[in-house]
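Below is one structure, written out as C-alpha cells; the observations come after it.
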Amino acid sequence: MTASWQRSRAAVFFVLPALALYLVFMVWPFLQSFWFATTDWNGATATKTYVGLANFSELLRDDLFWLALRNNLTWVVIGTVAPLVIGMTLAMLLWGRPRGFTLFRTVFFLPYVLLTVVIGIIWGWIYNPIFGILNKWLDGIGLDQVSRGWLGDPDTALLAVLLAAIWAEVGFVFVILLAGLQNVSRDLLEAATIDGANGWRRFKDVTVPQLANVLNVITALLLIGGFNVFDIIFVMTSGGPANATETMATMTFDQAFTQNRVGYASAISLVMTAISLVASVVFLRLRERGEG
Amino acid sequence: MSVRPSRAAVLAAIVVFSLMLGGALVPSVSRAQDGEPIELLVWDQFTEPAESEIVEQIYASFSEQNPNITIRREAIQNEQLRQTVRTALASGTGPDVIFYDAGPGYLGVLADAGLVTSLEPFAQEYGWTERIAESARLGASYDGQLYGMPLQVDLIGVYVNRTLMDQEGLATPTTLEEVLTFCQEATDKGYLPFAFANQEGWQSFHQFAMTANNMVGPEAMEQLLFENQGRWDSPEMVAAIDAFFVDMRDAGCFSPDANGINYDDGNAIFYGGQALLHATGNWLIGEITDNMPDYELEFVPFPALDGGAGRFFDTGVGSAYMISASSPNQEAAAQFLDYLFSPPVVQRWVDEANFVVPAEFDLEAVEATPLQRSVLEELASSIAGEERLGYNIDVLAPPAFNDMMQNGFQAMLAGDKTAEEQAADLQAAWEEGMSSGTPTS
Amino acid sequence: MATIAGAGARRAAARRAWRANDLVGGTAKYAVLIFFLVIFLVPLIWILLSAFKESAEITRNPFGLPEVWRWENFAEAWQVGRFGRFLGNSVLYTGAIVGGVVVLSTCAGYALALLPLPGRDGLLVLFLLGLMVPFQSFMIPLYYLLRDLKLLETYWAFILPGIAFRLPFGIFLMRGFFRSLPSELADAARVDGANEWQTFRQVILPLATPGLAAQVIFQFVWAWREFLMPLVFVQTEALRPVSTGIMFFFGRFTSQRDLIAAGVTIAMIPMVVIYLLLQRRFIEGITAGALKS
C-alpha cells in the first residue's frame, strides 16, 4: 500500500515540471485563443469586446481566406505526393546498399539540415530573373520563352516556393522510408517473384503494405505541415505577388502583427488548426479502415 | 522507508525555478533621472552604407553632448521593419525610438494601437511646432495629434541618365505618347527603358501617384485625399492606372519580370547603365550620386497624360522619428529627437545625407551636385508654398487601400486584372478604410 | 522429394532473374540517383563558389571557379552581419532548449510509461493534443502572455516556449523507449531496496541511451531551425538566433551578392559540418525519432 502510494507520488514529481511548463506556455495560451477569437481586440486596448462568432462569419465572406485555403490545399496535395514519390523512388533505388550508398544518402539528406532562410535565399537566387541559374539554364537549352521571374509571376510563384520546400523536405522522407525498408522481408518478395508477380505488383502488394505504418506517419506529418506552412513562404514571397502565395498561416501573421486585428487572426489560426487536425484524423481513420 | 523520491522533485523544481528566476532577472528597467546612465534603443531604416555612416556619426555626437545617454542603433530594411515594428513596440521591451513611415497607413496604425507616444507635450516644451513646417507636421499627425518628427520630405519623379540618352540621341519623353515611342527605341538600342522593380509591391504606389496626379492635378488629389471628395474609380483614375500598368507594360517600358525583381536589384540596373530612366524618389539620390560618378543625371517630373492636368513632382512626408509608448525613457527619447531636429543637425542632415528636412536650413551653404541641388530647390520652394506639387498617395491612405494597391497592381502587371477592376477595388478599399480608419473613443 | 527439389530450382532461377534485372536496371538506377545528386548539390555548390567571387562575377560567371578566391568576403560578412553574435545566440538557445526538453521529457516519459501515475490517460491525451496542434494555434495569446510576464525580448521568450512546444514529442519518444524495456528490470532494482530516483538513474536511464541520442538529435535540428518563434518573440538584434538574424542580414545587403553568398555559407557551415561528422548517428536519430513517437 505505502509502496505503491510512494511510487504514485514519485510519478507525479517526475511528470510535474514538464506538465507545468507545458500548461503555462502552451495549453493556457491555446485555450486563450478561443477567447481571443470571439473578440475584436486590436492588441492594444485594455478591454476586449466580445463579438461572438463575428470573426468566423467574416472569414467565410473573406475572399482572401478562400484564396489562402486553396493555396494550402495545393500545397498539401503536391507537397505530400511529390516528396513521397521522390523519397520512395530514392529509397527503393538505394535499398540493399548498392555502390555509393553512403554518398547518395549523405547528399540526399543534406538540405534538411539547412535553415529555412538559407533555403529561401538560395532558391530566390535560382529563380532571380536577372542572374538566376534557372533562366540561364532554360535559355541555354533553347527554352528562353519559358524563362521569367518565377517568384514574381502569380501563376508560378506558389509552385516555385513549393518546389524549394520539396527540395528541402525530400531527404527527410527518403531517410525514413529507407529505414522502413530495412524491415521489409526479402523472403516475401522472393516468394512473390516466384509466384510470377512483376516489379510493380511486388512493390504494390508486398513492399507497400509492410511499410504501411511508416507511410502513415510520414503522410500525416506532411499533411499537417502543408496546412500550417509558413516559414519558407514568409521568407521567399511573404504571401505575394498579388496574394498568390498567401496561406492561412501567412494570413494569421499578417492580420495579427501588421494589421492590428488580433481577434480576427486568432479566428484564422483556430480554423487552420481545426482543418489540419481533422485532415490528419480523417486520413488515419481511412487508412485504418483500408487495412482492417 | 525514507522519503527519498522527493530528490527527483527537488531537482525538477530547481530546473523550473531557475528558468523562472532567470527570466525575472533579465529585464532591467532604467529610469530617466539626472546623470543616471540611460540606453536608448533606436531602430531606423538607414541600411545603405553611406547613409548609415552619417546617421551613426550624428547619433554619436548626441551621446557626446549627453554623456549619460547612450544610443544603441539597429538598422532594419524598410520592408522588414514594416513586418516587425508592431510586435517589437507592443513587446514593451522593444526599441525606445523608431524611424518609421508617416501617414495613416503606417504611423496611424501604431498611434491607433497606442504603441507610440503623442508628441504634443514635447512639441510645446521644445518649440517643435515653430521649427517644423506645418504641412510636414500634418503628415506625421494622426487624429489631430503629432506622433512623429518628420525627417524627410520625399519628392517623387523620374531620374534620367542624361549621358546615355545623349549618347544614343534620345530625348526625354514629356508625354505618355512619347514614352511609348521612347520605350520602343530604347529597347531597340538594347536598353531597358525604365528600371522599374516591384517585388516588394510598394514601388507601384509611386508609379500610380505620378500618373494619378498628372491626370487629375494636385487640387483634385488634395480634395480626394484630405476631404474624401471624388472617387478612385472615375474614368480619369482608370486612365491613370491604364497609362502605367497597361500601356507602358505592353510597350515593354520595363521588365516583364518586374514583380520578380526587388528594389535593390532594380536600382543596380539603373546604376549599371542598363536602364535609361528610373521613376522613384529622392531618397535614392545619395546612392545614385555614389554609384554613378561617371554619368550626368537629371530629375524630372513624370510625363504628361492625354487630357491630364500636366506634369508634377509628387511629395509627401517620408519617415518620421517616433517614441515608443512603452519606453520607460520618454524624456531622454524626446531629448534625442530634439537634438536630431536642432538647427545645426538639420543642416548636417541636408549637407551630408541630402535629406530635405521640413525645417529651416541654409540652402546656399549646402555642398551638392547639380542633381542634388535641383531636388533641394524644388522641395524648398514647395515647402515655402511657391510651387504646386502633387501628393504621394500611400503615406496618406489607410492600410486597406495600400494593401489593395500592392496586390492589385502586382496582379495588373501579371495581366490578371484590368484597370477598371483595380479602380473599383481601390474605391472599395478606400471606403472601408475611411469608415474604420477613424479611431473609436 | 521431387517437389522440394523443383521448388529449389525455381527459387534459384528466380534469384538469377532478379540479378539479371538488377544488371539491366543498374544503369537507369544510377542515372536517376546521379540526377538527384546533382539537383541537391548544384545549388549548394553554386552558393559556395559565389561566396568567393565579386558581385559582378556572380552574374557574369555563375558556374566557373572564382577568378580570385576572395576569402575576405567571409571576414566582411562575418563582421557586418554580426554572425558571431547570432551563432552564439543560436548555440545558447539550442543548448537550453535541447537540455530542457531532454531532462523534462525523460522524467515525464518515464513516469508515463512505467510508473502508476494517477490520471495517466488524461495526461496522455493532453500531450497528444500538443503533438498535433501547430505553433500558430497558441502563438498570439502566448505573445501577450510573454509580454505580461516581461519576458518578451529576453532569451527566455524563445527558450521557455521552445521547450514547451517540443515537450509532447519528446515525451512520447521517451515513453516509447521506456515501454520497450523489460519491466522486470525496474522491479528487480526495487526489490534490492533502491528508491524510485535510484532505480530511474541507475537502472533505467543507462538503457535509454539510444532513445536519448535520437531525442538530442531531433530536438537539436528543430531548435536550430526554429524560425517563427524567435521572429515574433525576440526581435532585438542582440538576441536574434542565426535563423532569423540572417533574414535581416539579407534584407540589409540584398544587392551585395558576394556578401550575401558569404553570409549564407557562414550560416550553413556549423550545421552541415556537424551533420557530416555525425551523419550516421544523425540519420539514425532522425529515423528513430520520427518512427518511435
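For reference, chains read A, B and C in written order, and residue numbers begin at 1 within each chain.
Convention: a residue touches a chain if its C-beta (ideal position, glycine included) is under 8 Å from a C-beta of that chain, and two chains touch if they have at least 3 such contacts.
Everything numeric in this text was worked out from a predicted model, so none of it was measured.
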item	value
Distance in touch steps, counted as few as possible, from chain A out to chain B	1
Contact-richer chain pair [A-C vs B-C]	A-C
Innermost chain, where centres are averages of C-alpha coordinates	A
Of all other chains, the one whose Cα centre sits farthest from chain B	C
Distance from the mean Cα position of chain B to that of chain A, given in whole angstrom	36
Gap in Å, rounded to a whole number, between the CA centres of chain C and chain A	15
Centre-to-centre distance between chain C and chain B (centres being mean Cα positions), rounded to whole Å	40
Residues of chain C touching at least two other chains	100, 104, 107, 160, 195-197, 200, 231-232, 247
Touching two or more other chains - residues of chain A	6, 10, 14, 17, 21, 43, 130, 257
Interface hub residues of chain B, defined as touching at least two other chains	1, 5, 8, 12, 15, 19, 84, 87, 90, 265
In the complex, chain A residues that touch chain B	2-3, 6, 9-10, 13-14, 16-17, 20-21, 42-45, 127-130, 148-155, 238, 240-243, 257-260
List of chain A residues in touch with chain C within their complex	4, 6-8, 10-12, 14-15, 17-19, 21-22, 24-30, 32-33, 35-36, 43, 86, 89-90, 93-94, 98, 100, 103-118, 121-123, 125-126, 130-131, 133, 136, 167, 171-172, 175-176, 178-180, 190, 193-194, 199, 213-214, 217-218, 221, 224, 227-228, 230-231, 234-235, 249, 252-253, 256-257, 262, 265-266, 269-270, 272-273, 276-277, 280
Residue numbers on chain B that touch chain C, as the complex places them	1-2, 4-5, 7-8, 12, 15, 19, 22-24, 26-27, 41, 47, 74-77, 79-80, 84, 87-88, 90-94, 262, 264-265, 267-268
Residue ranges of chain B touching chain A (in the complex, touch as defined)	1, 3, 5-6, 8-9, 12-13, 15-16, 19, 82-84, 86-87, 90, 109, 112-115, 198-199, 201, 255-261, 265, 269, 399, 406-408, 410-411, 413-414, 416-417
Chain A-touching residues of chain C, taken from the complex the two chains share	10-11, 14-15, 17-18, 21, 29-30, 32-33, 36-37, 39-44, 46-47, 58-59, 62-63, 100, 104-105, 107-108, 110-112, 115-118, 123, 126-127, 130, 132-142, 144-145, 160-161, 163-165, 167-168, 171, 195-197, 200, 221, 224-225, 227-228, 231-232, 242-244, 246-247, 250, 257, 260, 264, 267-268, 271-272, 275-276, 279, 282-283, 286-287, 290-291
